[in-house]
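Letters A, B, C, D, E and F mark the chains as written, and numbering starts fresh at 1 in each.
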Amino acid sequence: MILDTLTSPVILFFVLGFLAALLKSDLSIPEAFAKAMSIYLMAAIGLKGGVAVASSGVTSDLIVAAIAGLALSFLLPVIAFALLRQFGGLSKIDAGAVAAHYGSVSVVTFVTATEILTGRGLGPAGYMVAVLALMETPAIISGLMLAKRGEKQTNANAGTPWHEVLTNASVILLVGSFAIGVIAGADGFAPVKPLFDTGFRGVLCLFLLDMGLIAARRLVQSRKVTWRLVALAITIPILNGVIGTVTGTFIGLDIASAAALGILAASASYIAVPAAMRLALPEADPGIYLSMSLGITFPFNIIFGISIFAALAQMLG
Amino acid sequence: MILDTLTSPVILFFVLGFLAALLKSDLSIPEAFAKAMSIYLMAAIGLKGGVAVASSGVTSDLIVAAIAGLALSFLLPVIAFALLRQFGGLSKIDAGAVAAHYGSVSVVTFVTATEILTGRGLGPAGYMVAVLALMETPAIISGLMLAKRGEKQTNANAGTPWHEVLTNASVILLVGSFAIGVIAGADGFAPVKPLFDTGFRGVLCLFLLDMGLIAARRLVQSRKVTWRLVALAITIPILNGVIGTVTGTFIGLDIASAAALGILAASASYIAVPAAMRLALPEADPGIYLSMSLGITFPFNIIFGISIFAALAQMLG
Amino acid sequence: MILDTLTSPVILFFVLGFLAALLKSDLSIPEAFAKAMSIYLMAAIGLKGGVAVASSGVTSDLIVAAIAGLALSFLLPVIAFALLRQFGGLSKIDAGAVAAHYGSVSVVTFVTATEILTGRGLGPAGYMVAVLALMETPAIISGLMLAKRGEKQTNANAGTPWHEVLTNASVILLVGSFAIGVIAGADGFAPVKPLFDTGFRGVLCLFLLDMGLIAARRLVQSRKVTWRLVALAITIPILNGVIGTVTGTFIGLDIASAAALGILAASASYIAVPAAMRLALPEADPGIYLSMSLGITFPFNIIFGISIFAALAQMLG
Amino acid sequence: MIQTVMRKRIEILVDTPLAPRIVAQLKAVDISGWSLIHVDSGGGRSGEWQHDDVTGASAKTILLVIASEAKTEKLVEALAPVLDSYRLLLTISDVQVVRGERF
Amino acid sequence: MIQTVMRKRIEILVDTPLAPRIVAQLKAVDISGWSLIHVDSGGGRSGEWQHDDVTGASAKTILLVIASEAKTEKLVEALAPVLDSYRLLLTISDVQVVRGERF
Amino acid sequence: MIQTVMRKRIEILVDTPLAPRIVAQLKAVDISGWSLIHVDSGGGRSGEWQHDDVTGASAKTILLVIASEAKTEKLVEALAPVLDSYRLLLTISDVQVVRGERF
């Protein structure tokens, strides 16, 4: 199955980008174009999820999955924090910042997983997009709580940046286009479908080309990641992914959606959370959390994680 | 009918952007991508208009509509100028600059209207694209004449920037791709149709998302717009739109094209004219004309204006 | 046949851009968007070539064409160098730098030719994409050898920048997506085909619009191009194109592929080679080589060259 | 000759996500104007970086501020506590300004 | 040691659509070189702005010019009439320049 | 008052493809930090140019470096041989730096 993944153009473009950066090629995707693609991908996935929920309605599965997602995002940082402190040897602040990343989710990992699973007839339910959006922020709160546990009084400047967290671009875009999808329904979606559906996988290829470049450069430029942290950047997603997949199966989700919940749990944020951490914990070292989540966990999930948790969900389901 | 408009994804994305900016979200569309989309939209609309005229030929309707458009663009600033001076309390220079915006047109308002009207079986004639292009510049000239009326001698530096006005990007692009459409015809257009036709509405969604952000930020950041000016930024487009729709009906255009002429008259430029005014009337305050045209009139037209003038055209027609 | 070319939207957009720049319009395509389009075009052409080879297999034609391409790229600079020194009056260093451009290839010229030839039922074989990639770099080496012939010892700083030349963005992207096409095959390509195939010509239109602007601005801003150099910027591509087409026919390629080889030989690089020359021969004047390759040869090939070499291949074939 | 006055030109290199915080500090010491200059990439003791819009967290920006000497001193005092935790690079030089009354 | 000479470093913050006019003034006083630096956003007494390519009218740019003192004075004189109407921000400082003959 | 120290502010305008070479020179003289500022366009004796990402060869960039006087001198010496062939524009000015120990 991993081999299967490795012949998909989507993954191959990621590998191409990764190799190009390791070879120190001057290949680069203009930032504006990369950001445009990420906006497109989020709008597309939000719309499609919303349209799916518009036709299925609000089911009990949706509600159960939403609660499970919220709980996972809130609780997974606790385990990660313990590992990062004990085994990883990080300071309380750095450990809290990194833990928040692993509790939150990576939109691109989810999108790639959806594409690959759908290609195998394992497309997750539309409401998983809502779960994705819900899982972005709780981890930020628990990460900050862990980082500041035991401190007397947090000064105003360093408190949780509630406003930024709740109105952050990816949350607004996902929730907003999900809502538009729900309102417009399949009929309203039809006229915009050519752009948001037909072109989707091609754009994902080019976006993953860029993510490969960014991930490998991040890996090469990082100076502060010890071997223990490298090990954790692979162990934590496996652990989280297993917990997520088992939870998904246990609460009765279909196989594909349980796999998707596992992948969400395994994925680490590299958009919303770094921005929030830079604001709320400026003392935490961005070199550590970006190298781990973007340089190691992201490629691991794209190439191995997706297949692993899909296989696990099929075994359990 | 307004409700109808409000469930179209195209409009909903505009609303999403508007709300995101009001919530002070950090959502933003990269400038380069926004400009790319506007170039795409102008090329697409130009091509489609040209292809339509290539098959219909140059009809008397086309000629009559073109003359009407030119006249409207030249004359509408006079009414606006009087209102802005008397009721709005603006200086001669600021009033002239603002009036030029209201005589000229907004390409995006036209494009959005075309999409929405076509969705209701009310697609305007292809030649209206030529009318759109013709209406961009005359208002600049009459706006400048109004602003400088009574001045002895205008110094060279502050004269009409003829060259910039006539070769401005949107005029060149609209006229150029219209001409390409005419030359290529339906057969020549076929191979490029997938990009310029199929993807059109989806791109319009993302572009209006950005316009929502820009319009709301402009509204929030503007400090110089009095309540009187807010009232005029709604009254002038209504007045102009009614004049345009009535004129369109009167000169014998079909219902859809009369509505389109109304919408062109109602719309206010925020690309070609601000650039020209910055050059020709640097003393005029850009805060005023951009806030009015982009912050108030543009959203008003997108959400209400299009439906109002379409309804009026149907009543009259 | 040239007239035929001149009514294709692809070429007309190039002409529009060219005229807009000559009129000193402020029309401009955001750099990030232009670069994004060039990445898209290279990925698309690489993929399509790879998929074609995946189904045809490695034929003897492919191998013969590859060898011919390598030889042409390596040898054509020698003729160009002699002409540039003798007739053009350039210094050894400038002549070597310019000669490298003419031995190498222009991806966009190739892509445009492929589109136009395919439109006439003359689509070149898929493996020509591999030939394109192979022809990019040998000319750099022979250009540098010519520029430095007779020098005792080249200092380290000014040696051939092997690493940059071999990992340069367009080589990596073409070779990489060619390989992805080969691995994925027609089945793997299917899901991404809507983006990379259907939208292709439309994107090419917008890209050529930008190339028209860039080429004309380059032409206007260049101050160092004498009439002799202008003449050579037209003579060299004709000469090279004839050599390439004859070679292609002689080694037994089909008519379309022989024409394509001619066009590759005629085309002059304006991406990979200028970057390499800036590094390896910083003393060479970029004003000369960019004006010749981008300002004169590129438009000449797009508007006349493609048709000329296609006609020649048909005559010979 | 046109009258010029001496003012301070302050350049603050800051992580883009933190820039609004610095702007808030400017306003707090009554400095009313600033400009953000686009920085493409850079390197320092903590490694190299490129501007990247996807993970905005690693981009940097230069805040350019013209201010009077008195306000500049106040600003430096105000930024002192975060200089290290925000990893700011702060430089100050002298400039002649035309129409300097406004600073 | 390499020879350096003292020149003026002029920074002019200007609305992007007006930049060509300033460049024309540079040429008029015989200054032959300039560079345009990208400004992303800013704020002043007339509110805040972001670079926006759609309505180009509200973007700003920094014109960086190295020139001799004599030419700088001429430039400032030449720009004096439009300083206010163009809302220019103009600063001048001293710099050491290598290969300074050309300015 | 916060302690500031005097350092040199070096601006090097260079063709973007050559920037990595200059950065290598910085490292060679033990300067550990630099920032690349985005330049949109410009003009000089050899004509005008716009930043263009398609043919990257004609874009330019400003390398901004804060360094001690001693390192600055070393850098200028090191760049001397390529100043002309690379067509560099190099300016040096004085700045006050907070936390200046690191330069």
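Note that a contact is a pair of C-beta atoms (placed from the backbone, for glycine too) under 8 Å apart; a residue touches a chain by one contact, two chains touch by 3 or more.
Here the structure is a predicted model, which means the values were calculated and not measured.
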Intersection of the contact lists for chain C and chain E: B, F
Chain pair with the higher count of C-beta pairs in contact (A-C, C-F): A-C
Far-end chain from chain B, centres as C-alpha averages: F
Centre-to-centre distance between chain D and chain A (centres being mean Cα positions), rounded to whole Å: 34
Between chain F and chain E, distance of the C-alpha-averaged centres to the nearest whole Å: 19
CA centroid of chain C to CA centroid of chain D, Å: 45
Chain E: positions in contact with at least two other chains: 37-38, 53, 93
Multi-partner residues of chain A (at least 2 other chains): 28, 30-33, 35-36, 198-199, 275
Interchain contacts (touch definition) - all pairs: A-B, A-C, A-D, B-C, B-E, C-F, D-E, D-F, E-F
Of all residues in chain C, those that touch chain A in their complex: 30-33, 35-36, 39-40, 43, 47, 163-164, 167-169, 172-173, 176-177, 179-180, 183-184, 188-189, 191-196, 198-199, 275
Parts of chain C lying in touch with chain B, wherever the complex brings them together: 7-10, 12-13, 16, 19-20, 23-33, 36, 119, 198-199, 201-203, 205-206, 209
Complex contact set, residues of chain E against chain B: 15, 17-18, 21, 46-58, 82, 85-86
Interfacial residue positions of chain F with respect to chain D in the complex: 1-2, 4, 7, 9, 23, 32-38, 61, 66, 93-99, 102
Residues of chain E touching chain D in the complex: 11, 13, 37-45, 60, 62, 73, 76-77, 80, 83-84, 88-93
